[in-house]
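Take a look at the following structure, please.
A, B, C, D and E label the chains in the order they appear, each numbered from 1.
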Amino acid sequence: MNLLQQAPDLGTEGLTRTQQLLADDPIWLVLLKVVALFAIGVVLTLFMINWERKVVGRMQHRPGPNRTGPGGWLQSLADGLKLAFKEEIIPVLADKKVYFIAPVISTIPAFVAFSVIPFGGEVSIFGERTVLQLVDLPVGLLVVLACSSIGVYGIVLGGWSSGSPYPLLAALRSAAQVISYEIALGLSIVGVVLYSGSMSTADIVDAQGSGWYVWLLLPSFVVFVIAMVGETNRAPFDLPEAESELVGGFHTEYTSLKFALFFLAEYVNMVTVSAMATTLFLGGGRWPWPLSSFNENGWLMFVAFLIKTLIFLFVFIWLRGTLPRMRYDQFMRLGWKVLVPLSLVWIVAVFGIRTYVNTGGNNTALLLLLIGFLLVIVLGVAFLLPERTTTDAPIEPASDYPLPPMDLTVPNGPPRRKRAVGAGTKEPAGALADSGADKAGE
Amino acid sequence: MLDPYLPLVLLFLLAGAFALFSVTAAPFVGPKRYNRAKLDSYECGIQPSPQPIVGGGRMPVAYYLTAMLFILFDIEMVFLYPFAVSADRFSAGGLGVFVLVEIALFIVTVGFAYAYVWRRGGLDWN
Amino acid sequence: MNTGIVPDSGGNPLLLILFLVPVVGALVLVGLRSNPGAAKATAMGFALLQLVGAIVAWASYSTAAAEAGTRFQLEFSVPWIPTFGTHIAFGVDGIALVMIVLTAVLVPVLMLYAWSEKLPEGRTVGGYLALLLSAQATLVGVFAATDVFLFYVFFEAMLIPMYFLIGRFGGARRQYAAVKFFLYSLLGGLIMLASLIGLYVNSLDAIGRGTFTWAELQQIAASTSTSTQIWLFLGFFVAFAIKAPLFPFHTWLPDAGAEAPIVGAVLLVGVLDKVGTYGFLRYCLPLFPEASKVLAPLVLTLAVIGIIYAALLAVGQSDMSRLVAYTSVAHFGFIALGIFSFSSQAFAGATLYMVNHGLSTGMLFVMVGMLIARGGSRRIADYGGVAKVAPLMAGCLLVAGLSSLALPGTNSFVSEFLVLVGSFPNAPVFTIIATVGIIFAALYVLWFYQRTMQGPLRGDAVLGALERGGAGGPGAMVDPGVAATTTGGSGFPDLSRREIGVLTPLIVLILVLGFVPGPVLDVINPSVAATMQEVGLPDPVSVGGTAR
Amino acid sequence: MIVTDVVLAQEQIPPPAVDGVAVAPLLVILGGACIAVLIEAFLPRHQRWPVQVVWTALVLVVALVSLGAYALGSPTPVITLGETLSVDPPTLFLWGTLLLLAIPSLLMIADRSVEPGGAFIPSAAERALARSGGSGGGGSSEHVDRSYGPPGDAPTMQTEVFPFALFALGGMMAFVAANDLLTMFIALEVLSLPLYLMCGLARRRRLLSQEAAVKYFLLGAFGSAFFLYGVALLYGYAGSVRLSAIANASAGSAVSDTLLFAGLALLLIGLLFKGSVAPFHTWTPDVYQGAPTPVTAFMAACTKVAAFGAIARVLYVAFGATRWEWRGVLWAVAIISMAVGAVLGLTQTDVKRMIAYSSIAHAGFLLLGTMAITQQGTAGTMFYLLAYGFTTLAVFGVISLVRNADGEASHLSQWAGLAKRSPLVAGVMTFLLLALAGIPLTSGFTAKFAVFSAALADGMAPLVVIALVASAVAAFFYLRVIVMMYFSEPAADGPTVVVPGAFTTMAITLGVLVTLLLGILPTPALQWASGGAFGG
Amino acid sequence: MSPTNYLLLSALLFSIGAVGVLVRRNAVVVFMCIELMLNAVNLSLVTFSRINGNLDGQVMAFFVMVVAAAEVVVGLAIITSIFRTRQSSSVDDANLLKY
């Protein structure tokens, strides 16, 4: 502990090169970067909306938007402008203050998360050496995670303050979904942190000089990609705005620019998580082997970064175009019962492998320990996995989850139908009896 | 030398200014042609059922379960990150196996809770 | 003198046996609750066994050794809680011995009295007698303990059987009386506990280890500062003053005495309250000599106020039991007067007074009990002219009353005289005032006697009982034994044979001690002299000059 | 301290000291609790109760054996687990006390004969079953006595109480052994959180029980927030939260003492809260009354041990040198606690609430012992805790036996004439109440004596006198119960005294025996308690 | 900026939380006030860590977060169960506390 007495001192001594460069940025450059970053967010959003419509259109054998601007690419800009001039409607039942602030809360973190993304390498801007990154914090990853968590507030508050049942249900679903997948997302990052020994995004990119983590940490990558789709409420996990069930989601009651802000935040988030995936697993702006020499130039790295990010964004669109929406319970089960345990086991494995390598690779005891542990885990999981066929009823007949009655959609009824009926009809009688008994007991 | 967090704050301010501008500008830019139906909450065109309180009614309590689970595992992550960051240094300091055993114990302990929640149906949504 | 060496194990187990006999008896009785006959026989057996043991103790007590300076005899000691330096240590000096013997004498007599007493609904005679025996055990413990901690333990434990005796078997307001009794005593006990702990801590300071052995503490006393002594003294004093009801602390006694069953009342007033005066003599004076001297005027004032005040109240009572209780308060004033006037004569008188008061007040209570059993009322006004229908009873009441007012020839006279003579040199004013109390005593005793026994038959209780005949009315606590002796006779019968059996030993003792107090005084005197020595004041009157 | 040894690369890091043998009891309890969770997860419902009971008993016995084996070797005090735990003689005594107290507590928790199916809420599934079965009729929580019936048919209870109790016990053990304030805080939470939950699990009077849980939780969390702020201030003062480091800092520091005493004050608020010392007692009566009685017993006995063990350690190790500066405040607190406990106890009409106020008064007495920064004081406090724990456990055991159709009949008036219905139970209760009142020949007296003599030796004579007066006042309300039981006539429709099952019988018997034994032959326990001072 | 300011802020937040606990009646709001208190403590821990020049305070902040989370879980569990019993799903009915 004494060795770290100097830790809080922030002299230039302990800084990485990136941090030094960033620390030396003059204020105008910082401002420039801030504006540029903001612009990237907005532009990519406008682009994404258009691109999505076009790609999905193609997948569905229709042209998509093609009127406004060259090739229809200005369609979303026009839509945005149009939204600004639409009438603003605030429902009478809304909680006005919260209703106003919710879009703001949703938007700000989306942009702030952008700030730690290492877009490229070292470049010279107007003669100033710097890197294509706004800030490089030792806790950069946490900034991203924190921002995505705070963004949920915007959704929940927006849904709640609308004073309307659908947005509320959607907001709660959305919150439940985001926080569920945040677990998996966070756990999948641990491996990366372990290998890079840092939570600074620039360091992580640097650490991938010898090989992208996508290969080394494939399970982490898979979990991350799944979780990031869930985290952004995108298809096939777009349950919060399931049109067929919940009208339009948490922003049903929002109009004009407030609606646009939610939209903006959602797409910026998509860009952010894609950029994060790129940073964490695809070596950020690093070009792969045959083109490694491009890595000398920071701007070229920016291009690589952009390409990789766009690939992820394309995947988002692709998923939306091709996959049906999951059911809520399937979705939650995937998150909690597959991704989380998988991540946990994988983390231990990664820790073990890493330690094994670090101790020189000849520590048999450790190897055995590791194998033994994995065996236990696997056995444990195997023990857990068979779905419960015993008669144990669930913890509580949970009737207050926001689900449409199952028997509305499936006439013959899945096995759960009985329970839903039971929960719907029997509970009140028993519940009353129960409360009566309690009163008698008082 | 600038505070390393300053740019972040600037970005925050910019985004905030933009968002605030948008929400405040909206009423002034758009037309105003209110009628009663517009101001009702949206319920697929049927007459909205009266809401008990301003602000969107009541929270289904069951969502708390999800919140609890989230908090448990989120906190687990809080500990995993410092472990991950410093694991190499511990290895270099000769405590690699010790740390590994510790982290494994930690995860197994969380695993107990996880197994409990799973088996008792805490992860079933229906 | 005991040199302060703590005997670690063993000794003469006689006192331990005296303690254990009633304990075992009580336990056996708990098992016999469902069988009243066997319970009574067993209880009497144990009580007589105890009496035999007490006589053996009396016999083995050597006056010569006591005069030679042996402070305690029949000593027995084993370590108890070494951490606190406590022992289970028994031993008696003359003062303790007479009290133990008094207890042993009274208990069988009381059992005989209780033989066919009508108990409240749902109570068993086994439980009743078990409580009596356990009270006796704790009393033996209190008097025999030579370890202050052990003394305290018994001092508190004593409350419990008496509490249940009053609370379960007493009169109409027994709950109130029992709780009041318990709380007063407990409060006193706890204040004493503070002093007890103080003593312990003081011994830690003085000899480097905590001790509770009386002899050791007595030796330390000399080196303890007066202010410390005063604080510690006050703690003990309050406890004892509550127990032996001195004037401002006496208010529980009339209630407890009146509401307790007669057996309980006799034991309470006759023996249990003596623990207070015994405590003055055994603990307050030797352990805090300086403080005793400093505070003696205060105590004497309280004592004298008590004598006069209680006597006045006694005169005004309309309730027989309360009257007797108030007379006791007055008598306790005399005892305290004797103790705090620092002369061996007064000490001896006070000690003897403790015994005699036990006998005379005991008898008075028994008589009152017999009256109540016949008339079903405690009000004096409900009785009148009893001597016409029950002359024997009236005679006995007269003996008891005269003993209580200390008529020469009865036991109390000797002790009261000794007290007054002994205290005069050191506290003349107090003594003179106290003498006034004697006049009041004559007043209340004789007036009581006159109102109830003399004159024409009158009063609801007497007339009612006579009307009902021998059958006994509803609510009247008529003794079946009484009814049996008077079949077909009066509704207000004279003493039955069993009652005569109860009263005989008491009368005999009252008279014998009135004329021949010598044997008792012989036992008492050496211990009294030792106490005098421990107080460290010159003795104004030599012990040798007492009336033989 | 903990894991802050993040060092620069290539530096050899010494592994933290782990004396497995010394902390084995703690590890056994916590490990056992984890396994108990798994049992809960994997066993079918009808097997859970028996398996949990056996497992819990096994864990306790193993922990006791390992503790005994270690303690009998007269070990030197060690500071282990990375300097977080101090295993010194008081720790060993308190651990022993906690484990011994836990055995009867858990026996009572496990009992299913007094209340058919146990005092705890039935498991959720059973409730669901009861509902869907539609038996209804106002008494869905009323079960016939099928507690030993065929599997699958028995009325079950929430067997989670077993792991809860084990976790709480583990927390308590860590609490009394903590060598730094952070560990203490964590332990505080580990012990509190399960207790909060256990409070809300009553089968009967569920609203009352849950309200108790909410109240306990909110106020408990409030208290621990104060504790924590105190920790922060002390950390700011000393630069470390090690108790000995704080002591060193206070001895030699030129820094203003404001932080130190502000920190101490806040810390103590948290600790006194746990010990239910007035004026931080407001939760106590409600929670004691509302919680299921076995839980109340566990809480009253073990939490008190833990809280006062920790208070004693903190005051002794970290603040012994500055005692003259803070003692005045604690004097006031002790007086308030004794007064509040004794006086408000007089006005209570519910037996459980009354015992709660009694525990507040006892907390005041205990504070006397902890204020005496001497080994005698430590020993006295610890002995008091042991004695009080067993007595109060048995008291609650007896309370759980007096029942009517609505469950426990804890109203004082319902106890009228109990001696007639059940002389044995009344006798036992009387004995226990006398022990609480501190009558000689019971453990209560010995304990009071030990504590008060230590306090007096350390110059607290006025406080001792006040304490004794308070005991006398408190005796009045114990007496009221005795009066009710013995001197009043039973009501016609009064409660019945159920015949307790083996478990509760054992628990009560154990409590009574220990109460008697510590009153008559307290020497071994006293010697064990004075085996040594706090180390750290 | 002087660290003292952070300490003052922390004290202020703590006081707000404490006052909130004392004056509010809704269980969930009280609960949030307690969380505010814990976070105020975190702030001062981190500040002291900076002042003292060691990392203990920051590590402690971690632990406090964990404990706070555990408290949230337990608190929510209790509150949930009470609402189930009361057949009410609203947290706004959580006003049964009468101190």
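By our rule, contacts are C-beta pairs under 8 Å (C-beta built on N, C-alpha and C of every residue); 3 or more make two chains touch, one makes a residue touch a chain.
Chain labels with UniProt names: A = NADH-quinone oxidoreductase subunit H; B = NADH-quinone oxidoreductase subunit A; C = NADH dehydrogenase subunit M; D = NADH-quinone oxidoreductase subunit N; E = NADH-quinone oxidoreductase subunit K.
All values derive from a computational prediction rather than experimental measurement.
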Counting C-beta pairs in contact, which chain pair ranks first?
-> A-B
Identifier of the chain whose CA centre is least distant from the whole-structure CA centre = D
Compute the centre of every chain as the mean of its C-alpha atoms, then state which one is farthest from the centre of subunit C.
-> A
How big is the gap, in whole Å, between where the Cα atoms of subunit A centre and where those of subunit D centre?
-> 46
Find the geometric centre of each of subunit A and subunit C from their Cα atoms only, then give the gap between the two centres in Å, rounded to an integer.
-> 89
How big is the gap, in whole Å, between where the Cα atoms of subunit B centre and where those of subunit E centre?
-> 18
Mean-CA-position distance for subunit E and subunit D (Å) = 25
Residues of subunit E that touch at least two other chains are 49, 54-56, 70, 77, 79, 84-86, 89
Touching two or more other chains, which residues of subunit D qualify?
-> 1, 3-4, 6-8, 11, 42, 206-207
Can you tell me which residues of subunit B touch two or more of the remaining chains?
-> 59-62, 67, 74, 82, 86, 88-89, 92, 115, 118-120
Write out the stretch or stretches of subunit D touching subunit C in their complex.
-> 420, 434, 437-441, 445-446, 448-450, 452-453, 456-457, 461, 464-465, 468-469, 471-472, 475-476, 479-480, 483, 486-489, 521-523, 526-527, 530
The answer for subunit B against subunit A in the complex is residues 1-2, 4-8, 10-12, 14-16, 18-20, 22-23, 25-27, 29-34, 38-44, 48-49, 51, 54-57, 59-63, 66-67, 69-70, 73-74, 77, 80-81, 83-89, 91-92, 96-97, 99-101, 103-104, 107, 110-111, 114-115, 118-126
Residue set of subunit B touching subunit E in the complex reads 53, 58-62, 64-65, 67-68, 71-72, 74-75, 78-79, 82
Listed in rising order, subunit D residues that touch subunit E in their complex are 1-4, 6, 182, 185-186, 189, 193, 196-197, 200, 206-207, 210-211, 213-215, 217-218, 221-222, 224-225, 228-229, 231-233, 235-236, 239-241, 282
For subunit B, which residues count as touching subunit D in their complex?
-> 82, 86, 88-90, 92-95, 98, 109, 112-113, 115-116, 118-120
